[in-house]
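Two complexes follow with chain A in common, the first pairing it with chain B and the second with chain C.
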Partner chain A sequence: MSTHALLTLYNRRCVSVADIPLLEVEEFAAALASSIASGWRIVSLFGVPEDTRALRLCAVLANDDRGLLGATCALVRQEYPALSTSCRQAVRFEREIAEQCGAIPTGHPSLKPLRRHPPDHAPSAWTLPPKNREDFPFDVVHGDEVHEVAVGPVHAGIIEPGHFRFNAHGEEVLSLEIMLGYQHRGVERLLEGSERGRAVLVAESIAGDTVIGHTGAFCGAIEALARSHKTPRAQTIRGIALELERLANHIGDLGALSGDVAYQSSAAFFGRLRGECLNLLMTISGNRYGRGLIRPGGVLFDIPPTMTSEVLRRVERLREEVRPVAELLFENASVQSRFDGVGVVSAEQCRAAGYVGVVARSCRVPVDVRHDFAYGVYRYAQIPVATAWSGDVYARAIVRWLEVQRSMEFIVEQLAALPRGEVLVDCGALRPSELVVALEEGWRGEIAHIVMTDAGGHIRRHKVVDPSFHNWSALSAAMPGNQISDFPLCNKSFNLSYAGHDL
Partner chain B sequence: MAFCRKVVAETLVFDYLRARFGHRFTRASLGPNDSGLPVRFRGRPVFAQLHGDVATVDGTPVGETASEHRRRDLPIIDLGRSVFAPEETQRLDGQAAAFTQDYRMAASSRNALLTSGGEIELAHALDRKMRRLLGRSLRLRLVAAGSCGGCEAELAALSNVVFDMARFGIQFVASPRHADGIVIAGAVSENMRDALEKTYEAVPDPKIVVAVGACAISGGVFAESKRVLGGVPSSIPVDLWIPGCPPHPLTMLDGLLRLLGRADHLKE
Partner chain C sequence: MRAATLVFVMLLAPLIPGIASRTRSILTARRGAPVWQLYSDLWKLSRRGSVYSRTTTVVFRLVPIVLMASVVIAASILPLDGRSAMLRFPGDVVAFAYVLALGRFVLVLGALDTGSSFEGMGASREVTFAALVEFGFFIALASLSVATRELSLSGMLGSPALADTWSSSAPALIMIVAGLFVLLLAECSRSPVDDPTTHLELTMIHEVIVLDHSGPDLAMILYANALKLSVIGALLARVAMPTMELSYAMRVGVLAVGLFAVGVGIGVVESAMARLRLPKVPLYIAGGSALSAFALILLLQ
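After this line comes the complex of A and B, so read on.
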């Protein structure tokens, strides 16, 4: 395709909004479709009110092989021809745009509300008829002995709320529809409307298990717009915190997967070791999830030399303790037989739908923001991308274990060579009329915070994309053909965020 | 074949034992001084550093005893709104405040979370009848309603081998029908309002309600959003308020044991 339809940009580098191509909607649709055909994928597609009657559609695309990001825009009226007809990756994003902005993409396969809330980013002159979830019934499968199973929003375990609707034939799942939105708190509006000191606390609460990931992306965007340059020491501490967060969650997930196949010993061991990782974050930041650590301009807490040696010692001990437990899990034939071939996602499905993170890497799609769009400390210290081939529960477990090992190595290396200097610098006013895309490889996958400022340097739009937004549909795609009793195991192997999706 | 199976079985047992002996199963201690919390942990905030009986602000004695200082008009800290961010104590109305390492903060009423000096009245026990019913076996159902998932993660941690809540007879159960009470996390989103009320109604009487985290108590960082109620609605009476963002598992455990009148487990 002609590349003039797409402005090239880089992770955490600002561009002027005026430089982004502003296309007619047909051109825009063609640009999206042809870019995706040539190896790009959608990072985000969202709406920004342009004036009282027009909506600006912004698409941010990524080309992982070339390490490039691209942006393009179009102005649309309330009704416009749906992009989804020519671009499958746009389906969920257009559902979101219809709900957030009140737009009507005609020809869209289903404008079922994603989160169930009134539009909060609509051009002011649009009339917005109320939309009821009841007008969009669940998909039904007809046939003898086909039955529906409804689960949620209040589940059996200690997990967040969501509703799952299965169509099953006996034990076999025919289809799974996932209805979310129960955790919707209006995060984007709060990020746009709050002063910075308050907004960073909201960013910490987008997904409570991804505090470092989301706050890192939030601050990355704000710092780029303020032209504030973090010190190397602050970048390294952020990297260490991000890998500690990954360790805690991956180890916790391996424990939960053990529990879901009734292997209690490794469940108990991993459960304790997860706590050790959280306690390491608490030693550094005062909070088990790293709240209070990351702020625009750097980090609030330094790691002084005495703490460095203590953290090093504890990570080394963790390394010794976690290996025999992983061997216990992965070398156990009865565990392998439960993990094998359950909930398969193929590389083709992954590329077509644009899945990210652990889910993508488990079916040999090697996408990793730390590698493809290196930022901060990852420009100097590369972490090899861990991949697996089979796309099943086993693959998602083994990728987590590989990443656990590499994150521990990274932390040990970085602690031994912490750059000297301050950890917090000033982060002033934002540049006007600019756009920045800040990507971060959270433990689930690619986190995107896309911020656009207005002519006065205020935040005009703050778009958040949690990896769960891309990957929830992978769970629906993986379930058909599996047993309904394998759903908890399958769900846990994805371990997606409800809060991160619902915002 | 039989031989092979035996070898496999023995190897597994060996692997298990090897892993088992490498681990230290130290249970979390509930004492105020030996909880092992790091110096940067942000627990109950207080105004002014108290050195012995003399109150100081920024290291300067203010010329009155600690108790006099406390009684004076200090600004109110609302532990129910606090997310325990480092910035929160920098300076409030000209008064220096600081976080202590005291994790004990759960209270029996919303008002008890408002403090001027930093001292709070910790949760008191349920009445004798409820203690007889629930004191040694408490089954709880979690309802996450407009949360970020952080409080859920810490509630789940209560069941691991370190905090091991089950040693006190407290467990989470799958259904509200099996439960003696509900634990609510989150600012209560509009979309969870119905489900929360139905879950509460589904729990058989008598029942207790525990509000966990800044969001459930006051809406937390989401209080200004139109999409949330801003905490547990007044239609649901709360027995225990556990502040924090998220509260440390020890804060939760301490609160639950106080509620059950089992503070004898807490080494004072």
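After this line comes the complex of A and C, so read on.
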């Protein structure tokens, strides 16, 4: 165990940048590999330009069983030995670093760009030759009857753009490669360069369906760096909003899953009930997706007593209405036969690759930030972690249903015992030369906002990791051996964000 | 009179998918599209222009015409009025099946003509399942032929023998009707085999092979499919309710009731169950064929 190479830290607690170990790249690689072997996983691995010639690699690791986070750094030149050779979880992160910072990890299996944009976090003296898409061809499976199917980036439904390339033998998928990046907006640069009032709007727009989740993590990081202490009332309202967002999306997903197997009855009902959840967020925040609710220092809108009773009544009614619909879905044999055994992710795959959220919980890996790295209201009101065993579409659906029930319970309990007090406090200047990791359990899974300040108290680096970044590779790992006609169903059961990945 | 019945069925055809979708919206507590939605769609499409991909050839443009013609010819082989068809000859059963198959063949050629991998996949699925359905369909018709000792559709469905069979061996005929309904859902690309409402290219069977057609061409294809549903529905209705003895108006009335029932039946199935996984579809079709096969065994005794 090489924890001496890791600085231990906690969710939303700042540490001084100077306290983080600064290792040689070989030590750094060894520290990552040995930590991962002893049960840690990578939350984020990113580059920060140190001076004109050197890049600081920062790794943030999590130990879910012990509720600990760890941080470590290394200084590297433009070419350095790839960490991926000894640490599988670093593969995607190093592709990102190669693209964002222009670094060249030698020995990396494939530096195919994740998003296709010019480097925007590179040390200024590095030479950055432009990359051509043509230099990175799609993986091809050779064989007499193997055929390629290309889907997207323009899809038939109203969804985000992404390209899926299948190699298939008849109806059986041999491999799936996912190419994203069409939604890249330069979120991290925008968060670093904008003043706070604008940056929070950017945070709200990272993924349109995870407004509360991303804004909560963003504000958590800013508040920690400003030593601003939210009131209990504000924390509870944030918790309620986060669970409402989870309800809306999980219920919507259950409806979409029903729709994808052409089970019309529950598709229509779930669709309506999703609307009810969004309307509840509308009542609280004035926006169906909760925009404008969460701001550094607390929340902008209080829930007055009359609204409390109204929201309580509506959540109770939702509880009564959603149960029979879920029973309709889960007790239908034809639906079960579609969900069972499709798109299996095993617990071993999950631990090795570091998947998070619903995907991990559906294969018996009980990771949940609300439980493992409790923050805000979740320190006082625990929500049981919902897990399932089989790791297939059915498991991901049933985990969503369990979480729907528990979120409704949570909302009812919290509304009934809303703490008194203000909802917004001051949030001043940021402390200089500190690092904070703010984790939040969004409805898809672990959202991480990692903020590093410079000596002047300005944001030096704002790293965002959406759960989709971890989990897109789970979808490509789950598809081989499945029917190509089951892909849309399988994809829906993951329901990952394109915008959240592309940033 | 026979021509009048054909015109009646051709006018009524777009209503049947509407009835199915209306039934589905009622059963799933939605407001849903109006029952005459397909008429509006056809009217809308017929006023638009068609777009042709540069990779397609004349085959692609022939699709709507040949498909439409094949279904109309199939309709004129079927004794829609309950007595006899416009075209009748010994063995026209086989012609009926293969004229419909010709339409599908051209549709699949058109799909391959576009060079799209989706359409290729859809075409492969379409012909695989069609080949299986064909087998079941012939068993059902063979059973009818055995029951009525006739070799033409007009003879089978328009002869008093069918009514006699209902009184002598009703269970066999019930199995044929049930088997034909199972096959109808597969043949006309309805749930649980196909999902006419999906937008997901990778799961589609029939929808994906008409993806590149547009405007009046698409209107003709949609119409031909609706008419095919009515034609097979009419066959089902005629087997289920022989009307040899009734007046013309009554016979056409019974046909309309039968088609309405088919529409409602499709709607009920579509709201009661999820679509089957693609590898299970052959089993489903085999189940429908097995029903007819049992009927054949009963009738051969």
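Just so it is clear, the second predicted complex is superposed on the first by the 503 of 503 C-alpha atoms of A that agree within 3 Å, B and C clash if a C-alpha of one lies under 4 Å from a C-alpha of the other, contacts with A are read in each partner's own complex, and residues count from 1 in each chain.
As a convention for this text, contacts are C-beta pairs under 8 Å (C-beta built on N, C-alpha and C of every residue); 3 or more make two chains touch, one makes a residue touch a chain.
A quick note: this is a predicted structure, and the numbers were derived from the prediction, not measured.
> Just checking: does A:Y263 make contact with chain B only, chain C only, both, or neither of them? Give me first, second, both or neither.
So A:Y263 only meets chain C here.
> Under the stated touch criterion, name the partner, chain B or chain C, that contacts more residues in chain A.
B
> Please work out whether A:A18 is in contact with chain B alone, chain C alone, both, or neither, and reply first, second, both or neither.
neither
> If you stack the two complexes on chain A, which partner ends up touching A:H117: first (chain B), second (chain C), both, or neither?
The answer is first: A:H117 touches chain B but not chain C.
> Tell me which partner A:A455 touches in the superposition: chain B (first), chain C (second), both or neither.
neither
> I'd like to know which partner A:L201 touches here: chain B for first, chain C for second, both or neither.
The first partner, chain B, only.
> Once the structures are superposed on A, label A:R291 by its partner contacts, choosing first (chain B), second (chain C), both or neither.
first
> Where does A:V151 make contact in the superposed view: on chain B (first), on chain C (second), on both, or on neither?
In the superposed model, A:V151 contacts chain C only, not chain B.
> Examine A:F487 and indicate which partner it touches, taking first as chain B and second as chain C; both and neither are also allowed.
It touches chain C, and chain B stays clear.
> Taking the superposition on A as described, I'd like to know which of chain B and chain C A:R189 touches: first, second, both or neither.
first
> Pick out the shared contact residues on chain A: the ones touching chain B in one complex and chain C in the other.
Correct list for chain A: 156-157, 265, 268-269, 332.
> Write out the stretch or stretches of chain A touching chain C in their complex.
That would be residues 147-151, 156-157, 170-171, 258, 260-265, 267-269, 332, 334-335, 337-338, 342, 483-489 of chain A.
> Quick check on the complex: what are the chain A residues that touch chain B?
Those residues of chain A that touch chain B are 115-117, 153-154, 156-161, 181-186, 189-190, 193-194, 197-198, 201-202, 204-209, 211, 265-266, 268-269, 271-272, 274-275, 278-279, 282-289, 291-292, 300-301, 320-321, 324-325, 327-328, 331-333, 497-500, 502.
> Provide the residue numbers of chain B that touch chain A in the complex, in ascending order.
8, 12, 15-16, 18-20, 22-23, 25, 37-38, 40-42, 83-87, 99, 141-157, 159-162, 172, 174-176, 186-187, 189-192, 195, 199, 215, 220-222, 224-228, 245-246, 248
> Note which residues of chain C are touching chain A in the complex, please.
Listed in rising order, the residues of chain C that touch chain A are 24, 27-30, 117-118, 120-121, 124-125, 191-192, 195, 197-203, 270-280.
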